[in-house]
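When the chains are written out, they are named A, B, C and D in that same order, and each has its own residue count from 1.
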Amino acid sequence: MPRAPRPFRTHRDSAAEKRGPATAARTMAPGAKKGILERLDAGEIVIGDGGFVFALEKRGYVKAGPWTPEAAAEHPEAVRQLHREFLRAGSSVMQTFTFYASDDKLENRGHTQSFTVADEGDALVAGGVSQTPAYLSCKSEDDVKAIFKKQIDVFVQKNVDVLLAEYFEHVEEAEWAVQVLKSTGKPVAASLCIGPEGDLNGVSPGDCAVRLVKAGAHIVGINCHFDPETCVKTVKMMKEGVEKAGLKAHYICQPLAYHTPDCNCQGFIDLPEFPFGLEPRILTRWDMQKYAREAYNAGIRYIGGCCGFEPYHIRALAEELATERGFLPAGSEKHGTWGAGLEMHTKPWVRARARRDYWEALKPASGRPLCPSMASPDGWGVTKGHADLMQQKEPTSQDQLNALFEKANKIQ
Amino acid sequence: MPRAPRPFRTHRDSAAEKRGPATAARTMAPGAKKGILERLDAGEIVIGDGGFVFALEKRGYVKAGPWTPEAAAEHPEAVRQLHREFLRAGSSVMQTFTFYASDDKLENRGHTQSFTVADEGDALVAGGVSQTPAYLSCKSEDDVKAIFKKQIDVFVQKNVDVLLAEYFEHVEEAEWAVQVLKSTGKPVAASLCIGPEGDLNGVSPGDCAVRLVKAGAHIVGINCHFDPETCVKTVKMMKEGVEKAGLKAHYICQPLAYHTPDCNCQGFIDLPEFPFGLEPRILTRWDMQKYAREAYNAGIRYIGGCCGFEPYHIRALAEELATERGFLPAGSEKHGTWGAGLEMHTKPWVRARARRDYWEALKPASGRPLCPSMASPDGWGVTKGHADLMQQKEPTSQDQLNALFEKANKIQ
Amino acid sequence: MPRAPRPFRTHRDSAAEKRGPATAARTMAPGAKKGILERLDAGEIVIGDGGFVFALEKRGYVKAGPWTPEAAAEHPEAVRQLHREFLRAGSSVMQTFTFYASDDKLENRGHTQSFTVADEGDALVAGGVSQTPAYLSCKSEDDVKAIFKKQIDVFVQKNVDVLLAEYFEHVEEAEWAVQVLKSTGKPVAASLCIGPEGDLNGVSPGDCAVRLVKAGAHIVGINCHFDPETCVKTVKMMKEGVEKAGLKAHYICQPLAYHTPDCNCQGFIDLPEFPFGLEPRILTRWDMQKYAREAYNAGIRYIGGCCGFEPYHIRALAEELATERGFLPAGSEKHGTWGAGLEMHTKPWVRARARRDYWEALKPASGRPLCPSMASPDGWGVTKGHADLMQQKEPTSQDQLNALFEKANKIQ
Amino acid sequence: MPRAPRPFRTHRDSAAEKRGPATAARTMAPGAKKGILERLDAGEIVIGDGGFVFALEKRGYVKAGPWTPEAAAEHPEAVRQLHREFLRAGSSVMQTFTFYASDDKLENRGHTQSFTVADEGDALVAGGVSQTPAYLSCKSEDDVKAIFKKQIDVFVQKNVDVLLAEYFEHVEEAEWAVQVLKSTGKPVAASLCIGPEGDLNGVSPGDCAVRLVKAGAHIVGINCHFDPETCVKTVKMMKEGVEKAGLKAHYICQPLAYHTPDCNCQGFIDLPEFPFGLEPRILTRWDMQKYAREAYNAGIRYIGGCCGFEPYHIRALAEELATERGFLPAGSEKHGTWGAGLEMHTKPWVRARARRDYWEALKPASGRPLCPSMASPDGWGVTKGHADLMQQKEPTSQDQLNALFEKANKIQ
């Protein structure tokens, strides 16, 4: 039987506190904290954090479109604050804010905040690489691996706790990444952004997982592109594949915080609402508790989030699994379980909502009677090699845009 | 013709910068900035900020239910960060985070962050009072006014730029508040949380507005409880009433960031989704631009938000009215107008969304095919004087809760 | 307490049966049946029938657009069959199928079927007139009255039981019709196709009703254009007006069988789904029982239907009010009350639906996840006198249509 | 290029007319009309009719639950009228109204109307058998075949044009039926009521089709249980299976007229709306045209309908395929193609709907903002052998029902 959660693991009773103030240049051995594999091998649940680019876009520090992380250098206090909120919400891992970073200096800065904050709590730091334009442009294995190699140098220098190969649509490229990451001797997690139909070359989730484990990943799974329900389903298929092959692994799931039952195989990017009209799809905290339970039941132990996750979403994961983890996150001091905080509300009909069965049964209305519940994803049938997909150095010209607008209008 | 907006009024070119670092104890005369009435009289648009309790609840610093602002003291950096984000998004006014504060020390701290941040830009500080339990418990006019008097003492000491009487369901109590606020000699704004059907005693919006102006308010309008569409409609009715009475005023509108076409007269609190299932109702940035335009067209010049507003919502108001204001907010450096940031997206069908007509026409899907678009608000018919509404000092007991749960199940 | 309904008043035990076979030329005195006013004065409920043009359009005998009743002559067996179905479903009144008939011979034929069938049961025959193009073209009162006079001649000859002035958007024209109908000495019912906002000149429902009663109508109310909820609401307003004026009347309500919460003041014709996409709006039999109860509770005693009503909808009205009427309709021999017929279904989960609370609580899904729940009605702002509204003898030309198509595309 | 349709094949120019009046006792050789296989072999499209039990339930002649066809004897004029409407709408085949008939006399009567009406046009008569309680109760192959044998005796006597084994959930039982039907020497069509997931034993659509063809069916496909989209998809899978196996067949598709994207493998019976709340799911005529085109494109040539189809739905199939067939159905004299009948409507915005692109693009609203778009089907997990599924002679007792109600409430 799991221990009862002790109320609130706050910053103040964390290992970090005992170690004194954190510094941007990490001098402490990572071994001072229990490593991610030790935790997972011991059956612990590791809670991830949420997607930084989407959260910081809403706060005004990241530009949708390029999605680059220059805020790490320009507004370090904003990045640090978000890290702190996720930590407080229960995250055991802080991912460095280096998504799509191509400038070395920027990358360097992207780590500072995560180390600073991770060391305020008992959290680990994860450094990540993602799919490359080079792969999509059919560059050689050596070329692509060289890019990954260069990207992780800084992670190794800074002594991150875990390396993450995430957001890959092709298992082959993810294998290459894993091989590079593995060579550092650090724990490696690999997560694809694919659905139950498999990667973009049609490799099934089970086969993808087997290949990643064979390439050296300790933890395999899914992130981004689909909603929690779909991602858990896909990780289950990966687990079945791994077990069928007689292999062993840990499993990670870091889905969107958006309901996407209407996605095609390329995920939420093809939905007409991406990226500026996704609000009605945002999961509630109760949806998140359901996700945490389903992920746990499926045997997944690294449970986190991606685009759309706000701190209260992570807290909901931590609260759902508080009994299994043995503690509630610090942020729960500001949250009554299953709406208990409403018990003292002035209106009796709101007090009547201070219970689990109310929120579990609620089918929340959208307040949007002119809107449908599902969308038709774009399906241009444009794939690798098509002229429209070729990257160009110059900004898209107005003529090029007009041609696209016309095409879009016709397809609609 | 309005001037073209100059790109980005950032913190760095603000008046505050020239004045050197801000301090928690404000030493500077408020006159160093142009006052709110000067701005409004000159035809300027004043952009408000968003509701702090809801935003900070999602970030983990405020507890839904009591909604008290102790975060101001416990986590000042989190409060300050949110103020900064609203400032960066274009807010001209920072409201002190003192909602429902009853502890003097707390109130005191609640101001610090707003002054600090307001002085980083060209923003004003607003201190506010709201409806009191005392009024609902039928206390005398003198008693209620004494409460307001006590609350504003600290605002006067700290020299706030504008006093705000907001979130009143009964115009009578708002009148009392205005009379107290007016006595300080500072500019007074009064906003009710009512809909087109009038206050809870059935006084029409037009009559409410006339009474508030006669009581001494310089600015009158609506905040909270309803969506932008409903609030603009109600302020319009207030304006008609004021003009019909041969009076003059400025107008304020600070609605929810939730679509609530299905509300009854008491607003979103009675919706079954309040407060933990409101996600599908969140307005997009494009909904916000529509709101800003409609508010402007209705003659409203103090345009802000309340519960549910995130920094990017305020930025959308500032962007819609950039031409009229003559500048874009600092935060727009991270936002392409009408999706322009997507022009360089790798997928051509996403590039095809880099245009106004796409986002204006979009009817966003909820991804929730099992959910309805509208809800039936609670309607217990319980009003002033009913036992269920009487406030009690002790927490609601489990027996009391069970009685409410049963009642709720029956009504459903 | 109302008597328990005796099971099934079938054709065979009806008064008509005793009188022998009906003939197209009615030889029997109408007095052989209890007249409509006798029934209503005695507190009886009179159940109307459904709209013939819509029902026969779906069966293939009426053309949407012109909506003319030539089927009465071309396919008398189809018309007779529909009359029989409504009779069997519980209708106490058969309306002659003469809607928009302009050809004398056609009108003549339009009666035959209703008499034949009415005499198979204990039903009355109603002859009706509706609003005229002449009125909309600003013809004089005398001209318009002459048209009504001519139309009712055949009704008088045929000795119908009640005269009905229905489907009027302007109370003035309805008054004229009532005055003409009244002159025959027959019972007169007048129903407008307006909503709570009043007639197209803005005359309130209450005032409309008073004018119709003063003009001589014994029964006043609403038909067509809006859903049952809206129509009952409007008839209530009419009743309040009549009672306030110290007058007396009976009340009639014959709404659409479509949910139309999104209509503007001109009703369902302006909805984008009219007339070929209304399916998702069709009321269930349980919606109809709710309507019957609400109409009854509102004091309405002539309760029927209009466009969209099928025989099972009428039967639902008769079943809901079976206790009050003292009998079930013949058609109920093929219908278990509140789903009781499912008790012997082979699947246990379908047997579990054989109960009232299941069907009363059901919120039926549309199976249309790409469709919204509400529509934006057309609102061209085109009113009387606008060139687009002028009637022309020739068919609309392709050029004229193209201009309209373009206009529609722009407005959308 | 297909011939242009000649306008309207009416009853009067049909082959039947030349043959003189039809009689209930069919004396004419079936060869007088071109047989179904001759038609299909020649590439002709055969249009089916709609489901009689649902259509007659709405008209008041069939009881939902038992669904027995005693109306054939009790109200022959009502049955005949519905046959006529489908004939007029374009049906090439009239199915005898003998569904679930167990009484010999009743069966006998069930044919009369279809022959009478079929002979008024150029239509064929189809006699059908369906799955038996005997099979579900695990009776032997011989026993089940004996039941089919007995049922078709009357069809053979009456000389129907085609024998139909339809509505089978298990391919094994359908094979047995086909073997019996085949022995008569008449053309045999076999249609299962399964979806893409296969029959209730998990046999794939492709394998099912192969087995039915091998058993002797000339035509194979799907009827009932799912919407057109799902059924066409399933028939496609059947066709692929047949072709892969090197066999040949014709294909039939007779789906529901309800949108059912939310069905599980057992079809619409498990939807909570079955059978009294299905209205919002009814297909429009435009949905039907889409279905006809997709079925045709999939190589299906026997295209009809099942539960929910009204005459205007069948007419829509015939209109969509008018060019391919070379003629429009008689009923199209009362229907303008793609809304053309609206060209002369009095309101210009309704005239603006007289065009194909308007109706093709329309996403019809439900007018039900409190209802969801999709439902959760019942999933009790009760299968063959479970006590709840055992048939009993006596009506379900109130105690038994109460147990079911309780169970249903718990599951919900």
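A few notes on this one:
Quick note on the criterion: contacts are C-beta pairs under 8 Å (C-beta built on N, C-alpha and C of every residue); 3 or more make two chains touch, one makes a residue touch a chain.
All figures in this text were calculated on a predicted structure; none of them were measured in a lab.
Chains making contact with chain A as well as with chain B: C, D. At the far end from chain C, in terms of centres built from Cα atoms, lies A.
Annotation: 59 Å between the Cα-based centres of chain A and chain C. One simple way to say how far apart two chains are is to compare their mean CA positions; for chain C and chain D this gives 32 Å.
With centres defined as mean CA coordinates, chain C is found 49 Å away from chain B. Multi-chain contact residues of chain D, defined as those touching 2 or more other chains: 262, 363, 369-375.
Chain contact summary for the complex, chain B toward chain D: residues 262, 369-376. Interface of chain D with chain A (complex): residues 363, 369, 372-374. Chain C meets chain D in the complex at residues 57-66, 71, 77-78, 81, 84-85, 88-89, 133, 227, 258-262, 269-286, 310-312, 315, 330-331, 333-336, 339-355, 358-359, 362-375, 378, 380, 382, 388-389, 391, 395-396, 401, 404-405, 407-408.
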